[in-house]
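Some structures are shown below for you to check.
First subunit A sits with subunit B, and in the next complex the same chain sits with subunit C.
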Partner chain A sequence: MIKRFIDRAGWPRIIIALFLLGLFIAAPFVGVRVDTSLSNTLVRFGMNGVMVLAMIPMVEAGCGLNFGLPLGIIAGLLGATLSLEWNDEILAYLIEMGLRYKISWLTDTFVMNWREPLGFASAIIIAIPIAAILGWFYGKLLNRVKGDEMMIATYVGFSSVSFMCIAWLLLPYKHPTMVWGYAGKGLRTTISVEGYWLHVLSDALAIDINTENIHLYIPTGMLIFFAVMAFLVWVFMRTKTGTAMTAVGSNPDFARASGVNVDKMRTIAVVMSTVLGAIGIIVYEQSFGFIQLYMGPFYMALPAVASILLGGASVNKAGILNVIVGTFLFQGILTMTPSVINSYLQTDMSEVIRLIVSNGMILYALTRKVRAGR
Partner chain B sequence: MIRKLFDIIANNAVPAVFILISAFAIPLSGYSASYLIQELLTRIGRNSFLILSLLIPIMAGMGLNFGMVLGAMAGQIGLLFICDWGIVGIPGMVLACLIGTPIAVVLGIFCGHVLNRAKGREMVTSYILGFFINGVYQMVVLYLMGWIIPITNPALLLSRGYGVRNAVSLLSIRGILDNLIPTVITGTQGAGQFLNVQGGNAFILLQMPFLDGTIRIPLATLIVIGLFCVFIVWFRRTKLGQDMRAIGQSQAVADSAGIPVNRTRIIAIVISTVLACYGQIIYLQNMGTLNTYNSHDQAGMFSIAALLIGGASVSRASIANVFAGVILFHLMFIVAPVAGKNLIGDAQIGEYFRVFVSYGVIAIALVLHAWRRNREREAARRSLRGNRGGE
Partner chain C sequence: MSENTPLIRLDHIGKEFYGNRVLSDISFDINAGEIIGLVGENGAGKSTLLNILFGMPVISSTGGHEGSIYIDGKYVNFTSPNQALAYGIGMVHQEFSLIPGFTATENILLNREVLNGSSMSYVFSDRVSTLNREAMNERASAAIHTLGVNINPDMAVSEMPVGYKQFIEIAREIDRKNTRLLFLDEPTAVLAESEAEILIAALKKLARSGIAIVFISHRLSEVKELCHRILVLRDGRLITDRNAEELTMRQIASFMVGRESERREVPQEAVQQEEAPDETQTLDGTSAPSVKKKKKKIRPALKVEHLWVDMPGETVRDVSFEVMKGEIFGIGGLAGHGKLGIPNGIMGLYPSGGKVRLFGKTLTLNKPRAALGRKMAFVSEDRRGVGLLLDEPLDWNITFTAMQTQGRFLLGIPYIFQIRNEYAMRKEAQKYIDRLSIKCTGPQQHAGELSGGNQQKVCLAKAFVLRPDILLICEPTRGIDIGAKTLVLDTIREYNKEHGTTIIITSSELEELRSVCNRVAIVDSGRIAGILPASSPAEDFGMLMTGQAANNNEDEEEVKESA
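Let's turn to the complex of A and B:
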């Protein structure tokens, strides 16, 4: 029984889970509050969850781990910055639509009361088509380089991020909170979303207990949003298209023999991954409070990849449970190591531990003996 | 016919684009010829050795060895020790190499074993391995040095008493190999004389009347690099080199011919790692400062980009590619920021542009390689099927 569980979970996962458990147990003894740590872990879980979810379609379709996540993130960043740039115009447009088509509930008081969620929704709505277009080209590219997807994805991510560094400087953004003050052009490296859609998901229905003995904060809205996204992906993977996609990932030749268009399925998977990445970064930003441009998205793929692998996914098999377990473990370690180990050793080893754990996990997955043929 | 033309273009597209970019950017930058030549010579001396260390794994069919950063880290650890012990000059460099070698060998063996478990995706694995060992390196240098590993020099240590500073001055070995045989090319005086440069006499190798300044040549470094090139040419002809080439062609055939595939692959990685260790020491003696936590990262990325710009591919690279790559890549490196500034009025754009180009080139080279390989596989399958098939 225990042996079967160990076999199924794999040693690295168990060691890391025990390590995390140990950290939680040790926390009170070094003066770190368990409840605040747990709250932080939940917040970070919600922030990163959707980006980890973005790994599933590509892994399932046999495109490997999506090291090209920065491409989706860039689409999300475009959506986020454009929603800020056009915030007033979008709201005014909605009011005008309400007047013109006599939609009784779409009044200016409604729009003004709901301007933060509307701004957030507009960011996502702008980001999705951009992500879909980028993802389509990215998918076409990956179809031509079967077998080498992961390395190429990495460099597609890197080169798109560095290309966008030039674009952020040159694009004609005008909004005074976003561009450099003295030049009047070129976006800042970090842009605050305060006053637009800061914490719009996190604070929705949030449980915030703040008494003498207990400080607990649960970002319910963000967790629900993640649950909805996860459910949508879960449902999709069980539709006809989703099943065909899994078939392509499991055995491309067999899938083709059964009449599945392999390249088309792979393209759909890549588009989905890219769109989820775009939504993921916007969720991340509303909680984090800042849009990080330029080199910000550069290494963002690695934590997401490490999370899903930590949750038990392999290079060609991944599910929702892997995402949930992996994100929780990974973010838990990220929250707990700085606080606990710092109080114990008086140094900040969290960055080093993050590097070793996340890359060690990816390395473990890459070197695991998978079935032959690839 | 068209396919052949396409192949020729695909094989040389990257260098051609770079020659074009440079042709536009050099006049825009407004640099003088002597400045450019001086800079290029310095950079050839600085970077060639690192890039040459990539050749042997490519020969063995293991692709671009992103794991060369392991060797670079080993070299940096050697340098930290000689800085701590205060050993200067050539003995210091040699000692740094001697300390770095066993570390590089151990890391190389580890890397080789890991890559043998990940056949078919060596590149992405060695790439992640670089990050992983980077974590271990940071742990050693940031926490163990000065605590468990004895480092006593306060100039090296952080004020908290352990861990190495972010920037370490390598003044004690700075330029020591470059200036071992002081040599210049000048426009003003006759050849064969001695010229007083920087407090010492330098031998004038050549006189070129069209130059408007003096160009110092890192002759000793270039000799070392030349010797290394000879080593590679010789190595290709040895039994081991032939084995590696056979493995690069086909692992299955090599295996049935009795070549120990896994062992030979490990040897290829070990040689590459050790050479990258020496390469990084040469690189840093030229730079004169060690960025303890970043130097090795850039070493890998820039070396690989340079090699690919020189026209190499993932499966085929020659010594000529190395030098063409260094010259083209660094030419762009020198002129891009200034050209960007003169063209658009923003030096930052030129800076981002060159970062974009380095990554973009690696991406394009990898795509072209994978594309061609898949097409060849397709063609091979079609030829097996013969003409009787319906398709």
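Let's turn to the complex of A and C:
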């Protein structure tokens, strides 16, 4: 029974889980609160979950890990910034629609009360088509470089980020909270979403216990959102198309001989992955509070890649469970290690330790990848 | 030839690969200046014999060989090709081992370059010497000239036609001064007829200079023309070792494919039922039969006209044939002649052209989906590469194609939302596991963990699930043990009887085809050499396989002469 569990979970995950558990046990002794640490871990889990989820379709379709996630993130950033830029217009348009088509519940009070969720929804709705279009081209590109997807994907991610560095400056954004104050044009590096859709998911149905002895915050809404997305992906992978996608990843020749259009399946997977990346970053931003432009998305793919590998996925097989386990472990370690070690050393080294830990984990996860490969 | 000790003597050579016997009790001599023709079907043991003689590491790493080899009466035991080279044994392989970017000269003299002495070489050994290009060109030209061809020694190999490359390979071997025994593995396979003639003349000339040659070829006419002695291998045994003049091509062919006594019973009733209306059918043409619903009349299930397929290594040039409904049709022939290309082309897996009609209706080529949609199923020869999802459970393997092409094993509303029905998948898989007695732990086991024979059964199950009208099976018994072979063939036969499915089997094992099929087509050089009923004598098939179809008459005259 225990042996079977170990076999199924795999030693790496057990060791890391035990290490994480050890950190939680050690925390009170160095003056770190377990409850706040747990809250932090859960928040980070919710923030990053959807982006890790974005790995699944591409891995399953045999396109490797999506190192080009920044492309999806850029689509998400466009959605987020545009939703801010057009926030008033969108809300006004909704009220007008309510009047024109006599939708009784779509009144101005309703719109004003639901201003934030509507803004958030508009960010996602704007981001999805952008992500789909970018993903389609990205997919076409990856179909031409079969076998080297991950290397090419990395450079797609990097170059798209650099390209957008120019674009963020040149795009005609006007909104005063987003553009540089002195020039009146060009987007700032960090844009606050406060007053728009800050914590719309996190605070929805959130459990926030704040007493003398206990400080616990569970971002229920965000976790539910992640669960829904995970469920959708899970269902999709079980549809006819999803099954074909998995077969393409497992053996493209078999799939082709079974009448499956291999390139089409791969393109669908890449589009899905990019769209999930876009949604993922918006979820991340609503919790984080800021939209980070320019070099922000540059390294965003790596934690997601590391998480899913840590969760036990290989380069061509990944499941929802890998995402959940991997994200929790990765974010847990990332939260706990700096704070515990920091308190122990009595100096502020948290950022340094965070870098060592996160990059070390990625390194570890990527070396595991070789073993898990074909 | 000479009274002295033979150049090389093989004494009871045998070889087993992991308990699988490929050679047994081979003994023969080769004298200087003699040309020996070595013929045999694919898998007869020719390559293994060559590997032993050339000291290839495959042999020593798998436990060496039995028997002994003597060169000039001295016992030798090669463990690496370098030792064989030192004894003057040269080998020209079927695949070219030339460096494309180098010129003819550079390739011929590779690692035997003529060097200019320099002071540097005293200090740093010969590795730093410069090359004496002129002397090298001379030597290369001399070697090329010996072969009786005219190739510019400065020409880069990558720019040469295939025939030239073959000559360069041989020139390289004869440039080696001590070469006394030359093995040529199918040297004429890539040559045009005129080039082959030049090569044969060159080889005769070489033999006169005292070099012994072992010539391996499937072209019996060449073997007969060139060689002094002919050795026939079959199933790892030396069947015959006689002077070329004593043998007719027909005899050689029958020695090659032989095994008359072991022949199994052909389902004769089936042949008789179908072959009679066969001929009238072909004369009828294809327009009428689908309209008139005459139940007794058997129409061609599959009609192939001028099919070409661009499958690497198995090119099909121009193939036309008809397969009747309910028939088991075999496609045989030697490896590399295009027999595998035919089913792969029909299924749309490789670029192809021509016309394929299924029950009178034209089939869209180059689209696996179209072929599958017309109720055709395919069992690939590349079981692990194309046939299976090794990392997925058996129920996936068995039901996937049916799910994708026929929308079965799904729950929900078609075209809107459908999710796979894992329960139905498992049930169907279990049904076939029981019926074909696939040895596994259950439908959840991964296909990669099964043995070859059981994997083949999974491939068959995958095709059966499609409930095909026409089933194309490639190499059903390749790489599986004898017990599994019989099971697989019986399964195919039973399925045909039960469902009346038209089955086309492609196999390199002629005996297998003759035991299962009603008719067998033999493919040679991408064309159909002939279609014979399975009951025809084995040597007829052998003649077709070795490209002797056209020469039949000549050969018969020869028989008369010899009689």
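Going forward, the second predicted complex is superposed on the first by the 338 of 374 C-alpha atoms of A that agree within 3 Å, B and C clash if a C-alpha of one lies under 4 Å from a C-alpha of the other, contacts with A are read in each partner's own complex, and residues count from 1 in each chain.
One rule holds in what follows: a contact is a pair of C-beta atoms (placed from the backbone, for glycine too) under 8 Å apart; a residue touches a chain by one contact, two chains touch by 3 or more.
This structure is a prediction, so every number in the text was calculated from the model and none was measured.
Looking at the shared chain after the overlay, A:K140 reaches neither subunit B nor subunit C.
Counting the residues of subunit A touched by each of subunit B and subunit C gives the higher count for B.
By the touch criterion defined above, A:V235 lies against subunit C but remains apart from subunit B after alignment on the C-alpha atoms of chain A. Shared-chain residue A:G259: touches subunit C; no touch with subunit B. Of the two partner chains, subunit C is the only one that A:N251 touches; subunit B does not reach it. Taken together, the two complexes place no residue of subunit A in contact with both subunit B and subunit C.
Those residues of subunit A whose C-beta lies close enough to touch subunit C in the complex are 235, 238-240, 243-244, 246-247, 250-251, 253-254, 256-261, 316-317.
Residues 114, 117-118, 120-121, 123-125, 127-129, 131-132, 134-136, 138-139, 142-143, 160, 346, 348-349, 352-353, 355-356, 359-360, 362-363, 366-367, 369-371, 373-374 of subunit B are the ones touching subunit A in the complex.
The part of subunit C that touches subunit A in the complex is made up of residues 347, 349, 368-369, 371-373, 378, 380, 382, 385-392, 396, 400-401, 403-405, 407, 410, 417-420. Subunit A meets subunit B in the complex at residues 67, 141, 144-148, 150-152, 154-156, 158-159, 162-163, 165-166, 169-170, 302, 347, 349, 351-356, 359-360, 362-363, 366-367, 369, 374.
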